[in-house]
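As written, the chain order gives the labels A, B, C and D, with residue 1 at the start of each chain.
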Amino acid sequence: MINFSYTIWILLLPFLMFLLLGLAGHKYFPKLSGLIGTGGLAVITVLSYITAFKYFFTSEKVEGAYQKITAFNITWLQLTDKLHIDLGVLLDPISVMMLVMITTVSLMVHIYSLGYMKGEKGFERFFAFLSLFSFSMLGLVLATNIFQMYIFWELVGVSSFLLIGFYYQKPSAVRASKKAFIVTRFADLGFLIGILILSFNTRTFDFITLTDPAGAAIAQGGGIAFMGLSVMTWSMIFVFMGGVGKSAMFPFHIWLPDAMEGPTPVSALIHAATMVVAGVYLVARMFPIYAFSAPAALDVVAYVGAFSSLFAAVIACTQTDIKRVLAYSTMSQIGYMMLALGVSGYGGHAGLGYMASMFHLFTHAMFKALLFLGAGAIIHAVHTNYMTEMGGLRKYLPITHMTFLIACLTIAGIPPLSGFFSKDEILAAAFHNNKLLFAVEYAVAGLTAFYMFRLYFSIFWGKDTHYHHTPHEAPATMTIPLIVLAIGSVFTGLIPFNELVTSDGKVFETELELIVAIPSVLIGLLGIGIAFVMYRKESEIPDKLAATFKYGYKWAYNKFYMDELYLFVTNKIIFRYISEPVAWFDRHIVDGTMNAIASVTQNVSFRIRGFQSGQLQKYAFVFVTGAIMLAILFIYLWK
Amino acid sequence: MNTGIPIQYFLILATIMFFTGVYGFLTRRNLITILMSVELILNSVNINFLAFNRYLYPNKLEGMFFSLFVIAVAAAEVAVAIAIIINIYRRFTTINVEDVNEMKF
Amino acid sequence: MDILTLFVVIPVLTITGILFLKDTRHVRLVSAFGMGLQLLLAAVLVFLYLSARHAGNTAEMLFIKDYLWFKSLNIHYAVGVDGISVAMIALTSLVLFAGIFASWEIEYLRKEFFISLILLSSGVFGFFISIDLFTMFLFYELAVIPMYLLIGIWGTGPKEYSAMKLTLMLMGGSALLLVGLLGIYFNSSPDGNLLTFNILEISKVVIPLPAQRLFFPLTFVGFGVLGALFPFHTWSPDGHASAPTAVSMLHAGVLMKLGGYGAFRVAIFLMPEAASELSWIFIILTSISVIYGAFGAIAQKDLKYINAYSSVSHCGLVLFAVLMMNKTAMDGAILQMISHGLITALFFALIGMLYGRTHTRMINEMGGLMKVIPFLSVCYVIAGLASLGLPGLSGFVAEMTIFVGAFQHPELFYRIVTILAVSSIVITAVYILRVVAILLLGPTTNEHFDHLTDAKWFEKISVVTLIGSVAAIGLAPFWLSTMIGTSLQPIVDRIIALNPF
Amino acid sequence: MASNQIMFILFAAMIIVFSVLTVTSRKILRAAVYLLFVLVSTSGLYFMLNYQFLAAVQLTLYAGGIVVLIIFSILLTSHISQKFESSGWKKNVFSAIAAITGAILSIITILDYKFSATTEAAKEVDMRLIGKSLLSVDYDGYVLPFEVISVLLLATMVAAIVIAKKSGPAKTQSPTLNQE
């Protein structure tokens, strides 16, 4: 057995860095903060690579399966005799895979930020928050039990809140951060309820016990029924609700586009590559339970994923803010991953979807981070977010252009780039399980290619826009991460995920299914082609099309009015029809009753106090008459 | 010396005097006249004490001494009361009892 | 002299010291010194307690001292502590210490202010160390009454009204409570021995069920009024809004906990059968408190009102958890008392400091303070995050313990109610973030605010003490949780023995 | 009709008449003089009851001391010829009813009660006996009340001085002026 206990430092280091930068950074080394943060993360990255190498290539397999290793565990809080919250490090294929992915992207984003955030006010604060985020995200993926995951889940949420609201003087950023936090918090409520129900039935939080396919948790779970579904199904649906919120699936997706108010590196790291896939990771983590005890919940996962991906892809075709296009694209791609999990089975080739989902998660992190960082470089150069104000940038930003093109081709699923492989596995998994979902995903693949190249052509080709300042290529700190990630995007498709990350830890054989692959490449090319015709040069076609599908376009452009719906619910219903009446009720009914009691007492005493007039003679008169009355009473009447 | 006068006469006399004093106490507005009414009341009580002592317990002296002390206390009381009245007068420029009603509520 | 009595003696000595001071400028130094000593003493007590437990002392209460002071009714001055009281004492001294520094700049009648404040605290300490019901009640009243003066004299806004309302409602609660306590007393020995007020002795007998049914609601509501039980909570918003900073801190932070502590230690511990029989009524009331307080907080505009309603919600959670009557939930209830005590004290301290600078507490009159006074603003954000249950800060630990504990209740009704209570965490997030966004973030709205100064040294002491404690509990809850859990064991054993589920 | 009866009726009539006048007179100084007559008549009653010492005390202390004190204070606080406006008739009527009811009640009670005449021999109350009793510490001695009274008188003197002393410069008003 290899000793993995050093992995605790992967968690502790970023936390210590957060404390250091957060408490002392501002005063003592505001300029050095970036280097310290990046250096610290580089150490963590190295540690993660070592861990991954040791785990995948030197650790012992039992019956050909990778084992789940608890590298470190302490009891943080003893709740009941059986339930206790532990903090620790759990190593298994998906957590190690996530570890590599997160640290890689995070390191790139750190380096990129050194250039991008240079000279910003709050430079050290930015890196402190990034460290906090790294800490919480790593804690999330390394969690040994579901409650630890929930803890870090919340911490991730708050670091996201802090980073979205980084430009805290910008009202839109403040609104966006608030929205992100509250929407995800609402989803987390579902997660927490799910945990409560789950733990009540299984009496454990521990992942290894929970997800053991032969274990007691899975065996006993399905029994009790509530409203037609088993309790286990309910709890897993609730848990999935947390994932829906964090991964911005429909209907909790509304925070993600607004979250683009944060600095672009943050969007790349948190809202594209790492945090938003936490929901996928959560489902993957609990997968055996879904697969064995709650297949109905798994269907929910699949359909929510499929619908979200289609929904987001349609909206993405109409948006003009490049970061928002990317945000919807992220949502769409995560929909893919969810769907893949939803159609997957457990073990062997049935677990193709599971593997594909993880594979896509990994490749997506690379190319989506690349896209965002590229977008950041573009915005850095032209100081606008809107593609309508861009055009012809290929001349000014050659490196960005090339890397962006690579990323677009990757996401469009053009072989032999990584996106092709992972997306193909997903489509194959869907094809084998559910033809309807396959059809949806197939359409989304085309849409994806179209809107990505719409973006690409609008920015780099299209009309020659006149800029106030001649745009110039970003500094090396920004271009190097782009290049590294581009290389990653190209080659990560070659990683044999079927040997490394599978649902049961065992290797299974996959082959390229041409019956799926060829049409998917074709539809990708079709999408690119349409985009080429419409946006390569300035043309009338987009406007005409928009006019033709007037209502459809308008709805999609306005994101199907989801924001307005939410605003209606929060402002009108919660604020106007619940809170204010509650406040009124409290002031006037409850407090009014108390005040009424008081004022009745007071009125009565006002009446009574007339006796206490201060007139000596009145007192004497009362005294005398009283004495006489008493005398009469006792002498004559009492007897 | 008191033969032929029943004790009841003294008592009735004292009663009338007492209630006259009470009446004065209740109706007069001037603090000094109220004080005088109090003197009437005290005197009527003294008469009672002495009458009881003389008629019912002639061989004892309690009644007489009690009256004696009452007179002494009355003297003290008047002295203090008048001091207070003068003080009130200084403060309120009136000794009308209806105007001196700060001690209400 | 035993260590527990010192907790009452030190405040009294401090008061005496203040009384003899000529120069009012030294008053706060003496107070700070006295309360610093108290804090030190609390630390010593925690240490002594833990080492006694470590040495294997398994008695229910430690450091017991008993003096008879009123023979004909068998009233004793009896003191003793278990882990719960030790934790509450530590909380009180922390909040008090921070409170002294938060009221460093009181000018008007400074001497009298500190005397009242410390007098109040001696009542609180006395309450937590007492194990004799009557003495406990005595200290309880001692804690409540200086509040009237503190709000009525040093308050703001409609202070006389608020002070009167607060005192009258709490006194109304006390009246119920006194009846309840006397009821317990007269049923304290069914087999005809000497009647007693001693909690430990009463816990050895079983109070007859009819008497329990009568006196449990009285006692619970009596304490519940102080614990802001719906619908007897309305003193809290007005009282907190009018009270000066340190008083709000102490009141929300500590005094409201007297209610929870008493409900748990007296009402439920001594009358568990009636408690389990009638708990459904109070569970409904407390869940209303939890949700309703949170919704009420959303619509408020005054910072202190927001916080007061949030206190209603959080204190409702304490009573809610206590009524679940299992070890985990009760453990959570105690943790929540401590956690909420610290957090809300922190909040009120910060609000006081903001008010001292901006001269308004209306959130819509403020904005963009983060840029001008970053230290206070960051602290406010931390307080907010703690209050909405961010892991790593104490609120999370307490709430999760409560929720997990409450959800272990075998009856479905209680579990469903728990889910309702859980949903308060979202509403909490809504109002906290709303305040943070309006108050601190965004552009600075008022040019007068550009010249505000950040925290002074004494304010920093106050705030950092509290934040440190909040973070300490949040990061390492196990020792506190274990300390409380061990002490809860006999209580829970008794409850379970009398109520086989 | 024996002479003592006539004397009694005379005194009684004077007491009643002057009492009533004391409490009804509109002029305060006259009221004081009527009071003086009442007190003097009372002392006559004391003579009749054979308590000469007390009668003498009554004359000197009451008639001589107290009434003079009262008259002084009247002079300090009122115009000599000042008339009061009469109290409201309601007040008068109700007070009269109360007083008369009380008086009737008392008188009925007195008349109902059978006083048992004593057969014991009367003790001669001479000055020696009074002096001895006052200073005696025996069972029927009165030294304690005597001492208490003396302390009381001392306290009264101090109190009277303290209370009547002008309390501050702000209160320097001439007493007899400013009368409305």
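Definition applied: a residue touches a chain if its C-beta (ideal position, glycine included) is under 8 Å from a C-beta of that chain, and two chains touch if they have at least 3 such contacts.
Not measured: the values here are computed from a predicted model.
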Overlap of the subunit A and subunit D neighbour lists contains B
Higher C-beta contact count, A-B or B-D? B-D
Expressed in whole Å, how far the mean CA point of subunit A lies from that of subunit B is 95
In whole angstrom, the CA-centroid distance of subunit C from subunit D equals 66
So, in whole Å, the Cα centroid of subunit B is separated from that of subunit C by 61
Rounded Å distance, subunit B centre to subunit D centre (Cα mean): 5
Multi-chain touching residues of subunit B, meaning two or more other chains, are 22, 26-27
In subunit A, which residues are in touch with two or more of the other chains? 617, 621, 624
Shared-contact residues (touching 2 or more other chains) in subunit D: 91, 95, 98-99, 102
Chains that touch, pairwise: A-B, A-C, A-D, B-D
Which subunit C residues qualify as touching subunit A in the complex? 165, 168-169, 230-231, 233-235, 237-238, 292, 295-296, 298-300, 326-328, 331, 368, 370-371, 385, 388-392, 396-397, 400-401, 403-405, 407-408, 415, 418-419, 422-423, 425-426, 429-430, 433-434, 437, 440-444, 477-478, 481-482, 485
Using the touch definition up top, name the residues of subunit D that touch subunit B in the complex. 2, 4-5, 8, 12, 15-16, 19-20, 22-24, 28, 31-32, 35, 38-39, 42, 45-46, 48-51, 53-54, 57-58, 61-62, 65-66, 69-70, 72-74, 76-78, 84, 87, 91-92, 95-96, 98-100, 102-103, 106-107, 110-111, 115-118, 120-123, 125, 129-130, 133-134, 140, 142, 145, 149, 152-153, 155-157, 159-161, 163-164, 166-167, 171, 173, 175, 178-180
As the complex stands, subunit A meets subunit D at residues 617, 621, 624-625, 627-628, 631-632, 635
Considering the complex alone, what residue numbers of subunit A touch subunit B? 609, 612-617, 620-621, 624
Listed in rising order, the residues of subunit B that touch subunit A in the complex are 22, 25-27, 34, 97-98, 100-105
